[in-house]
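To start, the structure under review is shown below, and the notes come after it.
Note that the chains are named A, B and C in the order they appear, and that numbering of residues resets to 1 at the start of each chain.
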Amino acid sequence: MSDPYERMKASGIELPPCPRPTGSYAPGKTFGSLVFASGQTPTRDGVPAYRGRVGTDLGVEEGYAAARPAALNCVAELEAVCGDLRRVDGILKVNGYVAASEGFEEQPAIIDGASDLLREIFPGVHARAAIGVQSLPGGAPVEVDLIASLKT
Amino acid sequence: MSDPYERMKASGIELPPCPRPTGSYAPGKTFGSLVFASGQTPTRDGVPAYRGRVGTDLGVEEGYAAARPAALNCVAELEAVCGDLRRVDGILKVNGYVAASEGFEEQPAIIDGASDLLREIFPGVHARAAIGVQSLPGGAPVEVDLIASLKT
Amino acid sequence: MSDPYERMKASGIELPPCPRPTGSYAPGKTFGSLVFASGQTPTRDGVPAYRGRVGTDLGVEEGYAAARPAALNCVAELEAVCGDLRRVDGILKVNGYVAASEGFEEQPAIIDGASDLLREIFPGVHARAAIGVQSLPGGAPVEVDLIASLKT
């Protein structure tokens, strides 16, 4: 069970194609054995799967659910950049941005949707920051970016 | 005076225990001689020491004061991850997130509370970004994360 | 055409002096062949060139225009830290923060102003995240920070 593709299959996770960048940037960039994956929202085939603001339009469970496909899109970026997810050694740092209402305080519970998905595919822990922001591309409730390491 | 523990003692800084992560992540993660420390708010023993929004509920002085224990919690993360703060070579990058009112413009003056604390413990300068955000975990006014380097 | 100074000249881009940090941090920090450049807003000679919130006070075109000098200030930081922009191998990751209205969804179109400027000077692609935030230092509509790599 050391293969991310086998783990995705066992968990019923289907890796989407890497989303086309929405601007003048790349899905990710490698530097030695570091990979920077660009920010992703919960889109599927380029269409928002979730919209709105957590704490107003979406509850905690929906926010958690929305963070999952955002992180999965980051995994698709990793594959696009590295060619093969078996080259990934682990996830180092996750930044999770939650489009949140003014009084919302449970950003970590939302970004756990991203962290849990990533840990199903790449066992091990990562550092993280979870932030409540004003608004996100395409009206998304969550955006996730990450830094991963490659096997050497 | 090259020892961070001696510098903390001289400055009357008491290092708290590393806060228990509030979700599915780790206090920090090393990659070679890089350390990524997870986002921290000004909690003490898991309880928020400050709450509210800078520019509305807290003034600049209180915001500065709140950034200090947030950064100190990051130092506790560094110790938890590295085992010994004497292994830390320096702080490379600090991200400071201020839960701010719409018209607030003094994010740098708030995050100076984090930077000044870090520089007392680890002499030298670091790169930084200071951002005004909508809301933060647990209703915190400030969140700080950082990247540090280890001695090789 | 492999020299960033020649490319700036050909594009009519004049590199400003490195902005003085607005607090207790440095313009940037190197670690091996990584450079972390601090967050920059569209200031010129220390004075905001743009103010306000995208989606309310500024439209998409103005936001794009504002992101350009913010990124150019980051290039000035790279020069200050590295001594010579010819040492820069490329841009790895850009974080773009847009002070945005609640319903604003076009953060990527704004941060393209930063990415396009960076790609004129340093050919090649970079990873990126674009986020809509509450407020930024000095009332700026955009803040940009980045990680670059040096030639080895």
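Methods note: a residue touches a chain if its C-beta (ideal position, glycine included) is under 8 Å from a C-beta of that chain, and two chains touch if they have at least 3 such contacts.
Since we're looking at a predicted model, the values are computed, not measured.
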item: Rotational angle, Cα trace of chain B fitted to chain C, multiple of 5°; value: 120
item: Numbering shared by both copies at the chain B-chain A contact, with half separating same from different; value: different
item: Rounded Å distance between chain A and chain B, as computed from the means of their C-alpha atoms; value: 24
item: Residue numbers of chain B (touch at least two other chains); value: 99, 133-134
item: Residues on chain B engaged by chain A in the complex (per definition of touch); value: 22-29, 31, 36-39, 53, 95, 97, 99, 133-139, 143, 145
item: Residue numbers on chain B that touch chain C, as the complex places them; value: 34, 55, 92-94, 99-109, 111-112, 115-116, 119, 125-134, 147, 149
